[in-house]
């Protein structure tokens, strides 16, 4: 095939067939900036559904595969084969699929959490690090421009020495036993064999933790967690309370819940240092509240006065015209595309390109694992490693 | 060419070359749902820039045209020619470009306001109505799901008989004489030969008015406007105050300003009837405040409890994950694509498909014209027609 | 009696008997800072109710009068007679009561609007100005600390040259014909013989106007008003839309409504100049939003970083502990007490003491009158004088 | 003296002399509803300052005492002696003063926390319970109307079975070492000999805990606390993270901080049950967010549609006119006055009268003590008793 070094990245997808939620999100995210072209898929483990799903998306039928193994082999063999695969299966399938594509020399873009067990994560991390291929983990919230700005402000010392990182992610959709009423999303997310030992901690707690670490630049040294399953019969936790001690001496709290009526996706981050504080709310992501200690609070807006280079480079439309969840997700994809194109051209990844990767995935799995151990030991301080 | 009735709509673009703002927005909007494929363009009136802009977008060089006339002729002649053209030029070029493509049998998707004069609008409306082609006007704010819901609630009588429609669109970017400092956006928008006689009234006042009419289902009978150019030397209005009397007996106020420091794109709509009230703010578009008279205020959210079918059908991601400006814009495009595909297949436009069209454009031009006349007559009640 | 120059001011009250609303508010306002002692009253025009109301308040029965005329005469004759009277009757009684007490040499604290007709206001103004007595008009919203700060910032030129003053006061309590259901408040406020020719314009429109003038330092030169009675059978306006042209060249809009469901006491002020903008909302009065043009928006808080002397001097508790409506009202009373005590001691009124007076009352009546004339003439520009 | 069963309660005050903060707040609170008359004081331990402070307040010089012991004895001996004393000293003096007045047969209104040690609290509780006198603890936030409503809604089962109680109280005023710069408030609050072993936990953590218990009706069974002194040299904690397990099986988190820049008095309460959720923020106390699970969020306002009897009975002004901190504080005083007058008349305390008392104080001290023990043991689960 012709070599267009600037052309869109050829993308395949595993999972995300008819009825799936996150697959559709990944596809929109890949499309927004025109940097990818979806050309192949193993969209379902059910061959009929895989085929029908591919047809819906206008895929070439011969590139609609019945299994991910077949897809990895066939695409690796094509001159115009996919350069990257998006993995959007339930959690327990992330590792085997990723291993297959990395082994086939194909970059991986994987939904979070990395795997369903810490052991699988550690194995995958070793493999990924030695593979020479990119591993992009779609911790999409780190794609929001004001999160980029918050991270840049912290790194620049604007808040001084950090003391506190307060993280929350509250939802209410599992307030009742939705998993017993035929809801597919609820079913697999509350099934330990598919989601891993953690429920709420793995589904959303890990997002909050990743965001806190991404912005603060800190990593938890020890955690103390109290995990609860409030809904009778539920097999995984649906509420998580965590105290954190960071390696720097900073401290933190993390609350994640799926049983807090009135909360849709109330992901909130607050970071305080000895010179100032920041607050950010995912449901209104274009705003970042910044208080230099002793001065009035300032409302920083995406694209507005006071926005910094790290936010500007991932901003698409002017201030006051909100960007949302899909644009944040798309930023992860665009950053991945920039990195893949650099690789394609034999160049270094450009300065500024930033995306969560295998290290974030492993860090997240260590956090999940430590929280589960802490809680099952009765709520004791537990090292994160 | 093969006939894929469900395939993406083949799209061309006039305007939107390097450095342009709104053209890039239209392209993202067209991409988000995968319903269009951009295949041709007359992206700039400067042939070199037109070519370079096309290359940036990966267009086939032979379909990068030096003029819109050439493009209309050439594309109409191709078996795989464009089915629709997106017009994203300054306002004074909307009418001639639209006429050329309608004449060539190509659907038109046009930025607002419709034209730069009322006469041009009336002529174009006649042409468009007789053309058998679709005319889509990108009053993008009407693509927001909660605006769709507001319109549906009003139409269902949820607010009772409407009494008041309060519209605002406040910005601050023209607080100083930006047009004299080399800013391209400011230059053409404050140049009557390119933007039309109205400045603020045509640029954003018309958005607020369209939104008020779209939601309320009402049309202004008479208006009284006070247009001001606060910035010394500015050739068009930068602040607009309007009183409105609707045909139903309802009343309204409209404030649009580009000189109100602290406002980015503060487009706000409030509608009150004898049974309830609604409030909506563009900068946080996923929320709609609804008060049934005598009961507590309710926060309706996109995708959340209480959302209605009209909102659900244009919703992409779950409640609490914000959609923004680009998704609202993309909804206009998706609705256009659904209509074009229906036309392509010789079918009726599906129920529910809703987009602003030539009538909205003409209504908007009548509003602008009436406001300018009212104000230049010293601020008198003026019929809108 | 002994002469305690610093002792509380001896206060009487006309109106405000059992079941009245605003009288109770005045009494709390007078008590909060301990600067007044209520010692006499003509609390109702019904002698039985006057007596019973006085007993409820612990007044000496011999100082519970059956008429305001009797009270003025008797109190003026006592060595320990009242120094000031609070007038809290329906509007049409303000002027006769004020005249009686001014004539008796007693300071007046009067609820707004000043009178029920412009003629009565002009007469009263003349009398008051020649009386040597203080006339305090309880435009209570001007007692809020952040309003004081806004006024001070404007006067200091922080916003540059003012361009726009946007005023709103929206309520919903008269959405239905409450006056026909036995509600006393609704009855007199919608009865032109008791409230004056204006309904909404006099009840709340005048508050919004006073606030806009108080903060901006401007006075309207001409207005254009559209007054509406939306509720069938209502004898006064319940919705008011006004365009304003100020003497300085600044412009403004004012919306007041009592039929906007979802609004309790949504009094809002926005002021914009060529260097910055301010926004304030009565329902959250401890915050003032300030945007220096080209910089991030700042949240100024009562008592917080960035508060100015004019705010500090009327602040009672630290930042973050909200003060409310009663404290704002009490500030008017405290300022009145400071002025009365200065008079008592033969001194000048201390610097900084600020309260609305007869000039504000007259200005408000001129505004009401001009709006009513403008509207009854079909909505034409009308001079305010 | 004459027996006026409905007359104001005769009040004395210990502490609260010139320069004190909370004493002035108590005096305003006592005045707002006219239910108390301040007639005596031991306002400072410095006799000169005690006398001058009394003069400022217009107290009879012979009732300005040099010590609280003298005051208790003298007032108990007078026919017109005080009926209640307000104790507004630093924490370590609460117990000795309270003991003296209870012993003298005088009701006590005491600032929080109850004492500076748990032992003192237990002793005082025994004494108070056997005294036949009222003991009112001014946990003032429980006087806010919407907090009363929240408590009533929980008790009525509106939220179903409670699962989560999330409490926060964040400030920033101690971000730097203010205690070393001559600030009196900072000095005693960070001095263990005057404030007790806890700093932030006793000063504001206890407010958050009391509020959580007051609304939820729950008591913590065990807690796990991590107390930190972030500011170098500070002798008490300035940040507190607590996990709670309630006796009912509900869980909670509590964060209190005095080093979180951008927070003034950000006291927040969120309560979630299996049928709904509530959120309340002290800085905007007239609003209560209520979400019945599966329905849109509702904004309940003080005095507005949806307000309940418990809120109505402590509401002074109509919806949309904010009440604030002082009114909430005044409600505690008014409730105390109602109880004292009932006692005075030999009657039962009327239904509905609600104020925090000795049990709340003891509960608060147990919480503080358990948190301090938990933290000094390294952060372990600790029984609250």
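A, B, C and D are the chain letters, set down in written order, and residue numbers restart from 1 in every chain.
The definition used in the following text is that a contact is a pair of C-beta atoms (placed from the backbone, for glycine too) under 8 Å apart; a residue touches a chain by one contact, two chains touch by 3 or more.
Per UniProt, the chains are A, B, C, D = Predicted dehydrogenase.
Here the structure is a predicted model, which means the values were calculated and not measured.
Considering every other chain in turn, the ones in contact with both chain C and chain D prove to be A, B.
Two chain pairs, A-C and B-C, are weighed by contacting C-beta pairs, with B-C ahead.
With centres defined as mean CA coordinates, chain B is found 34 Å away from chain A.
Distance from the chain B centre to the chain C centre is 44 Å, each centre being the mean of its Cα atoms. Once the centre of each chain is set as its mean CA position, chain A and chain C turn out to be 56 Å apart. For chain B, residues that reach two or more other chains under the stated contact definition are 263, 290, 297, 301, 304. Listing the residues of chain C that touch chain D in their complex gives 7-8, 21, 24-25, 27-28, 31-34, 57-58, 171, 263-266, 282-286, 301, 304, 316-327.
Within the complex, the chain A residues that touch chain D are 159, 163-164, 166, 172, 175-176, 224, 226, 228, 230, 239, 241, 243, 245, 251, 253, 255, 257, 259-263, 270, 272-279, 289-293, 297, 378-381.
Across the complex, chain B is touched by residues 290, 294-301, 304-306 of chain D.
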